[in-house]
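What follows is a set of structures for review.
Shared between the two complexes below is subunit A, which pairs with subunit B and subunit C, respectively.
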Partner chain A sequence: MRYVVKRLLQAIPIVLAIIILNFFLLQLAEGDAVDVLAGEAGSATPEYMAELRAKFGLDKPLPVQLAIYLKNVMVLDLGYSFRHEMPVSELIFDRLFATVLLMTSTILLAVGFGVLLGLVAAMGLNTWRDTAISIFALITYATPLFWVGLMLIVVFSLNLGWFPTSGMENFAMFYEGWDRVKDIAHHLVLPTITLSLFYLALYTRLMRASMLEQAGQDYVTTARAKGVTENRIMFVHVLRNALLPVVTMAGVQVGALIGGSVIVESVFAWPGLGMLAFEALFSRDLNLLLGIFFLSALLVVAVNLVVDIVYSSLDPRIEVD
Partner chain B sequence: MTRLLDITDLHVALPPESQRPYAVEAMNLHLEENEILCVVGESGSGKSLTARAVMGLLPKPRVRIAQGSVLFQGEDLAQASEERLRAIRGSEISMIFQEPMTALNPVMTIGVQIDEVFRFHDRMPGKERRRRALKLLQDVQLPDPEQTLKAYPHELSGGQRQRAMIAMALALDPKILIADEPTTALDVTTQAQVLKLIKEMQASHGTGVLFITHDFGVVADIADRVCVMQNGLVVETGTTDQVLRRPSHPYTKALIGAVPDLVPRPARARSSETVLRVRHLEKTYRSGGGLFGGKERVVHAANDVTIDLARGETLGIVGESGSGKSTVARCIVRLNDAEAGEILLGDTDLRPLGRAAMRPHRARIQMVFQDPFASLNPRTRIGKIIAQGPMMYGASAEAARARTLELLDIVGLDARAYDRFPHEFSGGQRQRIGIARALALEPEILVADEPVSALDVSIQAQILKLLDEIRDRMNLSMIFITHDLRVAAQVCDRIAVMQRGQVIEVGPTAELFANPTASYTRELLSAVPGKDWFSEPAISSETP
Partner chain C sequence: MNFRTWVGAALCAAGLAAGAGSATAQTAGGTLVYIVQPEPPSLASFLSTSGPIGLVAPKIYDGLFDYDNDLNIVPALAESYEVSDDGKTVTFKLREGVTWHDGAPFTSADVQFTVMEVLKKVHPRGPNSFREVMSIDTPDDYTAVFNLENPAPYMLRALSGYESPIVPKHLLEGQDPRNSDLATNPVGTGAYKFTEWRKGQYVRLDKNENYWKDGLPYLDRIVGRFIPDASTRTAAMENSEVMYGAYGAIPNIDAVRLRDMDGFSVTTDGYSMINPMALIEFNTKESPFDQAAIRQAVSLAIDREFLIENIWFGYGKPATSALSTNFSATGLYKAGLPNYPANADVDAAIKVLEDAGITADGDGVRARAVLDLIPYGEDWRRAGEYMKQALAPIGIELDLRYEDVPTWLKRVYADYDFQINVNYFYQLPDPVLGVHRHYGSDQIRQGTHFVNSSRYSNPELDALLAAGAQEADAAKRSEIYGQIQEILAEDMPVVNLFEMQFLTVYNDKLKDHATSALGAYGPFERVWIEE
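Entry: the complex of A and B
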């Protein structure tokens, strides 16, 4: 518990640094929200643009803007999106659920099946199972995400009609309770498969290699010399050790998942943060973008903490203290 | 009466592409109850595979028993089913291994790992299993058995881990204990304790022990009978007394002859010129702690170390692992930075020098490393490895090549080695390459960090001889780091004993061996395996 509190305290300067870095990074991009608004409206006079800038607080010097932003973030006020005409926090929290849902299901699927497939491949080394799994991993590893997404839609939605083509739920049906859960889960299947395939392939290969490496370790010979059964050696001795690199890898990649989900979200019209960030970038909605970055940073910090705790329970050599 | 273990005409086949068809060939061996049989041999002699063959733990199907029988109380293990072998392993025949670091599963507690032995062989309630496990840990003299049950392997020291392994192996009171180099990875004092423990446990349980080792000192201390192996063949078997005192086979004679004598060789005159003076060297390693506090661990690896090195002399630094001997060596060569003190090479203090200022002095002190396999770049040809040094210091390519060929000759390697890669050479040859590399810069001082501890005893003797020759020929001064007092006795003029970062005793080798003043030095000396056998001058005169 003390460890968790300590880690959270340590996260504060990190998140702060990320905010400041993001702030300046976004300033490097040409143009601001006013340019975009004016461009879309057409025939805007310079006076009107200046007025708009003053209204949005964009006329103040950068450090002052930063200070104001930081002050607002402290009280969890992420500002106002001029584009969507809504407070940023509301916008983001609307979408957060969708993203977290997609991320969680993807990670669970990728790690779960990756571990399973890797295990099966390693246990039947050089048999047809191993070969089949390795080929599967190679193909999914090499196929672009968006293409997989489109193909899944063509096959399973359009031709077979098993799954909906897009969206997160069927609003027209006004589902309540468990029906709604089922509906969302139904919508979740294809995006999750699409997004997880690449990682699934990665974890499969990692797990296979890790199992093989661990199976050659001395402690396995010791276990055999003790007369322990092969099943126990595989599923208890080797498996636990082999999981460690996979968990490490998964922990690192959760952050990348948020970025990687943009493609999948656009293919499946999934109302997640990735889509929102993508739109915000093009409309120079910097407040919104900063808000999303801020939330992503928090998410990554939280996930890292969880991974570290999971890791230390898997590997006693790592002390959380 | 049936013998406990009777191996007849055993052939262990290797995969077809190997250097020889059989790892073990036409082996006949037997083990009685309540007896310790040592199988001795150098690396590649097939001694470990013999042990694996008995346990049914050969890496099948590539390595398998091709012919012969392994009778355990009359039952042929070579023909036994996997299931039967599994039932025997751990209960009737058990095994302990060389590396206590890796032989235990790092993510399971000692308690769980001991418990497995009971669970997979006997039906007994959990309470009974726990009671037995505690008793075992007490028997192998582990401190605080309750705590040890809950401990993970990394929380124990090497010696403690090996004790835990022994506890595990003896859990079901097996008839045979196979010990595969169980003390090789341990410090000498720990080794003495573990050997004593094995002997005690063997005596109280009446176990037959098949003890595999490369060390004749250990053989002398522990064995009732000895079996010597060379290239898969048993060349000699007999009682310890017979084999050690009256070896009949030339290979046995050569092996015993290669064991360095614990009696120091005659002292040489010491030059009055001091080439290196190390004064009050300090080096600490810190871990943990950091920005937000937490417990910081500080290890004092070098604590007020002061040593002198005269021209042409060999100074030995001896100590156990963690004593700081390697740290001192690395600080002198400036691979590590010491925090305080002086390293005076001539009149220059090397310690505070920066990268650029150090450059002209780098060539003057060179190092030979312990592991001949890890210390050469596997993708670089030997010629380049050696010639690189002189060329960095401005030698022309031709001059460097000529120098390299000359050095290869000096260290006893063929000129054809120039265009080869490290993996084409054996351990001993690689160590020669390492020495040639160090000599290429014409250093005044050679720092050798355990240069022979990874080598077989016969190769070890050759390398020590080579180092001696080179030192005289090039008028080198040498700092020789070792944990092996036998080796130290044969190469060092003076010895500094280190313990926990401090030099606790320095003196001429003969004096230090005859009259050690520090109690730790006495402890080290008395822990040398086989000291009673091999310190008797009779033995060396008998071997021609």
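Entry: the complex of A and C
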């Protein structure tokens, strides 16, 4: 417990530094939100643009803007997106469900199948199973995501008609209750598979390598000498140790969860945070971007902590303080 | 007193009767899902003319007029109008019994408030469209009298629900219209009511049961979907998840493929009020494009037909003047001007340069410049690559620059830090609304986008532009614009490339979606879906 409190206290200066760094980094981009809004509007007078800048607080000197932002973040006020005419927290919250849904289903699928395939490959080292799995992993890892997504749409939506091409719901029907849950699940299939394939390859290769490395360790020889069955060695001793790198990797992926996946969200018109951040960048919606960055930073800090705790339960030799 | 009177009520009644007569053919009900791309920043069409807003807001807000495909005025919130002999008073007779979506009655006070307090003050083009309007009298609830300083014939072309939406006074009065709830929660008099906007997914409008056109709209609901990826938009259209996509939502390369498939069609109708023109802007204050000769040479050396055929898949029409040929309808377009060849004339271009004493150095290069490209998609990038090749033979060596939107806007319109820029402008239904902003000295407005970034200034032309704006007589007006086009064909501060034809791709089950000159920016009240 004391360890957790200590880690959380350490996180405060880190998050602050991230905010400040992000703030100045974003200032490097040419043009501001007013330029974009006025450009889209077709025309606008300089007076109007100056007025907008005053309204957005963009006319103040940078250190003042930063101080105001920091002051608001302290009370968890992420500010206002002038482009969307909505509070940043509301915008992010709106997209959070779709993002978490896509990313958790992806991580579950990728970790689950990745571990399984890695295990199968390692257990049948250099057999046809191992070769087939390795080739599959190599191909999925090397194929661009957007291409996989589009091909899945062409095959499963256009040719077979099994799944919708895009979106999160059927907007001609607006289902309610369980029908809506089923509808969303139906829309979730293709984006999840697309995004999983990439991570699946990573976990498979990681798991296979890790299993092989552990299998050569002294403790395996010892266990075998004691007469422990091969199955027990594999599933109780080796597997548990081999999972450590996979947990690390999954931790990194969960940490990136808030960012979503711009490519998959774009191809499948999935309303996640990745596209929101991407569009915010091009419309210079800095409050919104900073808000997303801030949440990501919090999540990374939290996930790192959780991963460290999971380590210690997987491998009691690792102590957390 | 000789009033030019035009009574719209009769026409309108005829239109309604026609609608009612053929009602057996139309199927009422159903949901239209269509593509809105990109997602609009707000739905405040009284603040911004941004394209995606135009795809949604005119279904919610009406204008005083609508326009048919031949650009004739069709009555909307105004049943009829009269223009006085001297052209300085325009009286609108408004429709009675119209209510806002919240139930409040629509009156002349709304029209007065909208024009004087909103459009004239905060709309990007409103200050220009209504610049002659000094005041609006409201002798009764259903009469609005516009008092003009000078005649403004173009104003009657700018009264659609897209260009000049009429907004509710009771919801905006006493507030800053730039900062009101109406921007994301619109309340109009139109065929559809705003219901819900899920960011990143869709905006949903439901049928207005109290719409002033009896029996309309046919559809129960329209949903505008946001799909960022162009290939996915095409797939969604092919899979009938969406039925309508305009303004290049489906890229031309896919549109021609869908056109050849069963069940889908492509049209270029519905863009005549927008009148888009692809063009090149020059920085006329800096070398090398400060000389008219080199600008003419650029115009002569570019093969307009090649651009249209190979990059825009045949959709477009070579430009032949500063004005689009769509202005032939109003007699303002002048044919037969020099320096606008449909196919490249390299010899003529070189001759112009030689005659002006712009000679080649040892490497055959006469001028070097950076060509900026409008960052609105791959087509423009390819156009830039073509131009780099096309201008090399006449000794103009170009480097290409493609930046993101804010950076590009700032460079061209705020910093003037460019030499030659590819762009496109909407010429709109009258040159005063869409073309003057390119050339007038008063339109050199640093920091304002899509105006005279060339900083071209010619007192003779300024005088003609001013005269053209106020001339009520059609023949005299046509004469003035003829002179304007002659001057611009010589000076060429801007080289028009081609009249763009945007494509609308639609599912064949969708009917009557192109009944307004505004096309996708129209009210959609007659659209229906065949079972």
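Methods note: the second predicted complex is superposed on the first by the 301 of 321 C-alpha atoms of A that agree within 3 Å, B and C clash if a C-alpha of one lies under 4 Å from a C-alpha of the other, contacts with A are read in each partner's own complex, and residues count from 1 in each chain.
Heads up, the rule we're going with is that a contact is a pair of C-beta atoms (placed from the backbone, for glycine too) under 8 Å apart; a residue touches a chain by one contact, two chains touch by 3 or more.
Keep in mind it's a predicted model, so treat the numbers as computed, not measured.
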Per the contact definition in the header, classify A:S157: touching subunit B only (first), subunit C only (second), both, or neither. second
In the overlay, answer first, second, both or neither for which of subunit B and subunit C A:R180 touches. neither
After superposition on the shared chain, which partner residues are touched by A:R317: those of subunit B (first), subunit C (second), both, or neither? first
I'd like to know which partner A:D35 touches here: subunit B for first, subunit C for second, both or neither. second
Which partner does A:R83 reach: the first (subunit B), the second (subunit C), both, or neither? second
Considering only the touch criterion stated at the top, classify A:K226 as touching first (subunit B), second (subunit C), both, or neither. first
In the overlay, work out which of subunit B or subunit C sits against more residues of subunit A. C
With both complexes overlaid on chain A, does A:K60 touch subunit B (first), subunit C (second), both or neither? neither
Considering only the touch criterion stated at the top, classify A:D218 as touching first (subunit B), second (subunit C), both, or neither. first
Name the residues of subunit A shared by its contacts with subunit B and its contacts with subunit C. none
Which residues of subunit A touch subunit B once you look at their complex with the stated criterion? 6, 9-10, 217-219, 221-229, 232, 236-237, 240-241, 314-317, 321
If we count contacts the way the header does, which residues on subunit C are in touch with subunit A in the complex? 31, 33, 38-39, 41-42, 47-51, 122, 124-125, 127, 178-179, 183-184, 198-202, 204, 223, 225-229, 231-232, 235-236, 238-239, 241, 403-407, 409-411, 414, 426, 437, 445-451
Within the complex, which stretch of subunit A touches subunit C? 29-32, 35-46, 48-49, 51-52, 55, 83-86, 91, 94-95, 98, 146, 150, 153-154, 157-158, 161, 164-169, 171-174, 265-269, 271-272, 275-276, 279, 282-284
Within the complex, which stretch of subunit B touches subunit A? 55, 57, 86-91, 94-95, 97, 99, 102-109, 116-117, 120-121, 152, 154, 165, 168-169, 291-292, 294-295
